[in-house]
Amino acid sequence: MIEKVLIANRGEIALRVIRTCKALGIKTVAVYSDEDYNSMHVKQASEAYHIGEAAPSKSYLNQEKILEVMMASGTDAVHPGYGFLSENDDFARLCEKNKIIFIGPKADSMNLCGDKMKCKDAMLKAKVPTVPGSPGLVTDADDAEKIANEIGYPVMLKSVYGGGGRGIRIVNNDKELREGYESVTGESIAAVGKSAILVEKFLEKTRHIEYQFARDTHGNVVHIFERECSIQRRNQKLIEQTPSPIVDEETRSRVGELVRNAATAVDYTNLGTAEFLRADNGEFYFIEINARLQVEHPITEFVSGLDLVKLQLDIANGEPIPFKQSDLKMNGYAIECRINAEDTFLDFAPSTGPVPDVTIPSGPGVRCDTYLYPGCTVSPFYDSLMAKLVTWGQTFEESRTRMLAALNDFYIQGVETSIPLYKTILNSEEYKNGELSTDFLKRFDMIDRLTTDLKKEKEEKSEAAIAAAIIHSEYFKSRVQSNAANNSNWKYNLD
Amino acid sequence: MIEKVLIANRGEIALRVIRTCKALGIKTVAVYSDEDYNSMHVKQASEAYHIGEAAPSKSYLNQEKILEVMMASGTDAVHPGYGFLSENDDFARLCEKNKIIFIGPKADSMNLCGDKMKCKDAMLKAKVPTVPGSPGLVTDADDAEKIANEIGYPVMLKSVYGGGGRGIRIVNNDKELREGYESVTGESIAAVGKSAILVEKFLEKTRHIEYQFARDTHGNVVHIFERECSIQRRNQKLIEQTPSPIVDEETRSRVGELVRNAATAVDYTNLGTAEFLRADNGEFYFIEINARLQVEHPITEFVSGLDLVKLQLDIANGEPIPFKQSDLKMNGYAIECRINAEDTFLDFAPSTGPVPDVTIPSGPGVRCDTYLYPGCTVSPFYDSLMAKLVTWGQTFEESRTRMLAALNDFYIQGVETSIPLYKTILNSEEYKNGELSTDFLKRFDMIDRLTTDLKKEKEEKSEAAIAAAIIHSEYFKSRVQSNAANNSNWKYNLD
Amino acid sequence: MDYKITDIEKSFDGKIVENLGNNDYVIKINDNEHKLKIISMNSTGIEFILNQKYHKAKYLDQSTNEINIVIDNVPITINRHTHFDEVVFKHSGGAGAGNAQLSLKSQIPGKVVSISVAEGDSVKKGDVICTLESMKMQVSVKAHKDGVVKSIKIKETATVAKGDPIADIE
Amino acid sequence: MDYKITDIEKSFDGKIVENLGNNDYVIKINDNEHKLKIISMNSTGIEFILNQKYHKAKYLDQSTNEINIVIDNVPITINRHTHFDEVVFKHSGGAGAGNAQLSLKSQIPGKVVSISVAEGDSVKKGDVICTLESMKMQVSVKAHKDGVVKSIKIKETATVAKGDPIADIE
């Protein structure tokens, strides 16, 4: 039985794992870089070990150092979170070799999932439909061009080692293909030191729909419903919801069956996610398996009632999944907004720095997973996800309106956030009607609409802003004109 | 349709009502006393009106002033919360007269519920069992003594105008009865200006089990399951949970049917709670109807998935309840701990003052309804309930362990709280086994056990405390011994 | 005073009409009077109730003629058509009888950001002698008379109190 | 220094063994050495990591021989068997060569809580001259020599800086 877990991660996901461990009486070990002395995961864990410099390569990606801490702290198991080492099969293998339970799939299975080519092969054998494209790796840009012309532009160039939006390029003609080939190769080498590229048909007006699944060491496998994650920017998810507005019970079961087959085909253990493109014609095409806990897992927790981290621990302990597929019932509607530190108007450029003040929303059906606290810092060294705001409702409308109210309550001083954009999106008729697709932002001019909404907000707040300016000005004037000591008009000292 | 609601209350319940109104796009009007300028409900409402001095009688109980604000602000409806004017039928009548929707039962029905004698009569007619006692009001202390001797001591003296633990006294003999009669009369007159007393058999090892119910203006009535609220001090609830560990599905339906009859018997509209004593022999005795939203409503929201404030608004709008009894399914387990500002070791005396720092717990299955924020003040003028910490789990054990983790995370600087006591209770075998009764604290020596737990905690933290003291002392010494300016040992300035 | 919000192309005339005590004020924006109650205030922000509605504002990047406010989470830049420099000038002895006095005094407390003259320089009434930062705003202190700077009494980055001498001008 | 936690009837000997720089220290409690890293610190509290475990402590109601700490939400009262007064005394000129000096100087900055002597009083070395409050602790300043209080240089409620004269004793 796992009694002590090292969390090889930081930020909100480290806190998320700690929370379940605490409730289960499992000890936790945090690791932290120079940048994270003052971070919440250090404060919440049973123990915390410093592992190096701020740059991920010198701390959160340093396998040897993390192994050293696991040995020193006597941990039984490691939870990798998402990102960092979570889908690194070398690290999983290193843990296996040192008799530390890696909370995730076995290294071989992870390797298979991570290799888009081999994975596609496995899916074809398991009769899980995949997107038309190169049967395997392309040999070079010439080969890529040949295949692109066979299946027809636009096509997508994907690094086998990419993920989460990185190492992907959509190209519309031979010229773009050659440029894209170069940059995808470069990005992949910069990130993981190697590159290998696939070509796939790029489908338009597609939806990104993924399935949570779980498979135990006894071969039991369940899917835990779909999540629709179509609202994205630069292939990065922004808003997720479950159920998907276009998945009915029949589709849910039918595709869910494919997902169970997919998990078995790669001999997957623990929790994973099977991602699909859902084409405008209703077809589902398998894209890849994310071999880890997803950022957006809380919406699945809301509608299933499950604690997915607890389920991960159970499976890692070798226990059978404590329920059957038929026991799972979807209850209500959940939405997640990823609250990023970024400037929507600067092409989502990261916005970092100290956060002197924060108000975290709460209320019935509201959950906020975040590392923010008043006085914390948003670091430029790590990803821009500050918080995950998740709401549940008995109806989609209830979850949506609760999300809007919570977004309004969410106050983060000091950095730009994606909150205003989400308010515009959630208020739009297109979102309400479920007209989702991965090009949603562009398709419905959301950035322009945000500009309009912000101007309207400024109009509404102008009188109050002027009032604040009047008080500020008059106070200043009064200080100049009379002695501060006997200025009884003002009880406030602005120094 | 209600478009603007005045909340004739303060604290967490005002915020709770505002939250649902915001999600539904309904405007809210807050009222506040001199003590509450800086309170969260003032900040969160669409509008806020000052209504008088800190003492409740000069503000939150001032019906004329509140009516004036309702007229000035153009509100359609008033939500009374709990306490204050929530069960005052004169106020309900005043609203009715002025064409303002009172979100609660009609004045006549409220009057009937509030009059314990008439209510008991109505229940007897509706075949809802009640506790043995005086058939109606007792005429004087002599009459009370006569009845007490008929039904046998211990008996309970209850003011018809009491509630929530006030205006109740348990007496064991004639002498105590006469003293109790005096003090219950006094308390009742002090609180509402009048007094009328009932005598009832006091049952031992009883459980306090209550039912949430809703009845609409069309006569549809549902019960929304039970809540067990047996853990109390001085007849004030501390911890509530649903389902009750001793209510099975058969009992739930059978007593639920009585509850529906009870609601109909008093022509109740909107949400209410029927309170029962459950005797050790398994019998349920009706005690009273609480004609308002209860403090502990969130646990019912968790297991039913309903937004009870939304349901209140629907019913107040004259809409039929949008579901049938058979649609309601209980999902999981919920616990509420009332986080009070009080000193357990000073007989739960109130502890008030500024709260410079607060950490509100969060996480999957955790909800915290509170008015606390860093820099707020706990006022001596109002009740001691600072926060309601509520957790949900698929199993009772999951809700319990989540509660313990959340209690550990909850940090409130500046006032004494009931948090340590709750940790002791939730860790006890008796609580885990569901051995609940209204004398739980005394029966299982919880205060003594708390003392032991606190000592153990101090042992565990002693080394860290000494470390903090060493740093403090050494810093002080270094300041005395060397010039602060060139004291390079210390980067910290403690002034 | 005149205020302008460029983003929405609107101008406002605003002032305090009356201080009612107990932190209550009557302010006037254009032609309308409003009730305003200050709940709390410091150099970085203000919480207030305006016409029965609570607002929270943070003051960022203030200068004499521009102030960036985040009000209820909405960032708004306000231009002030103000005469702060003139107010400071006047009260530093720049107007009327003070003309004969030797010493130029600071009428506000602040930090010395820059000194624009050297000892021995000839200055004209209204020339900038130094710039102070106060309440995060930069304010120029100007010569109250024509003359020669005999001595400078301040240093850069030092703090001056209200009434402290800035320079002697003869 | 000796520390005692009365509630659990335990005594501890504690000190800083080494300052490793970068906010890292080695401390010793009884016979065991511990690694301690200060994350943040001010007059009201400290956050630190002790042996790989984070702790947050608030300092409440401090005096020279007692300190109330809330550590990780647990209130603990610690008695210090300390010689702070003596430390102050020694550094105020109370020991050794300083005996000849006229002026008694404050070795800590603080607020004057009370003055125990009047001008003209005869005092003996070690008599309390005044009490200062510093870091929320009350500290006595004692005469560094026998003599007569010639003049008192401080006032009650005033603030003194380190090195400020307290009194002249001749």
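Some notes on this structure:
To keep things simple, chains are lettered A, B, C and D as they appear, and every chain counts its residues starting from 1.
Everything that follows uses one rule, which is that a contact is a pair of C-beta atoms (placed from the backbone, for glycine too) under 8 Å apart; a residue touches a chain by one contact, two chains touch by 3 or more.
Being a predicted model, the structure only gives us computed values, none of them experimental.
Ranked by separation of Cα centres from chain C, the top chain is B. Interface comparison, B-D versus B-C: the higher count of C-beta contacts falls to B-D.
Averaged Cα coordinates give chain C a centre that lies 43 Å from the centre of chain D. Taking the mean of the C-alpha atoms as each chain's centre, chain A and chain C sit 47 Å apart. Separation between the centroids of chain B and chain C, computed from CA atoms only, is 51 Å.
Counting partners per residue, chain B has 44, 408 as the residues that reach two or more other chains. Among the residues of chain D, those touching two or more other chains are numbered 53.
Interface residues of chain D, counted against chain B in their complex, comprise 1, 3, 5, 7-8, 10, 12, 14-16, 19, 23, 25, 27, 29, 34, 36, 38, 41-43, 46, 48, 50, 53, 55, 57-59, 62, 67, 69-74, 76, 78, 80, 82, 84, 87-88, 91, 107-109, 134-135, 137, 162. On the side of chain B, the complex with chain A involves touching residues 16, 19-20, 22-25, 44, 298, 301, 305-307, 310, 331-332, 359-360, 362-369, 373-374, 394, 398, 401-402, 404-405, 408-409. Residues of chain B that touch chain D in their complex: 408, 411, 413, 454-455, 457-459, 461-474, 476-477, 479-481, 483-484, 489, 491-495. Those residues of chain D lying in contact with chain A across their complex are 37, 39-40, 47, 49, 52-54, 56.
Residue ranges on chain A touching chain D, taken from their complex, read 37-38, 42-49, 73.
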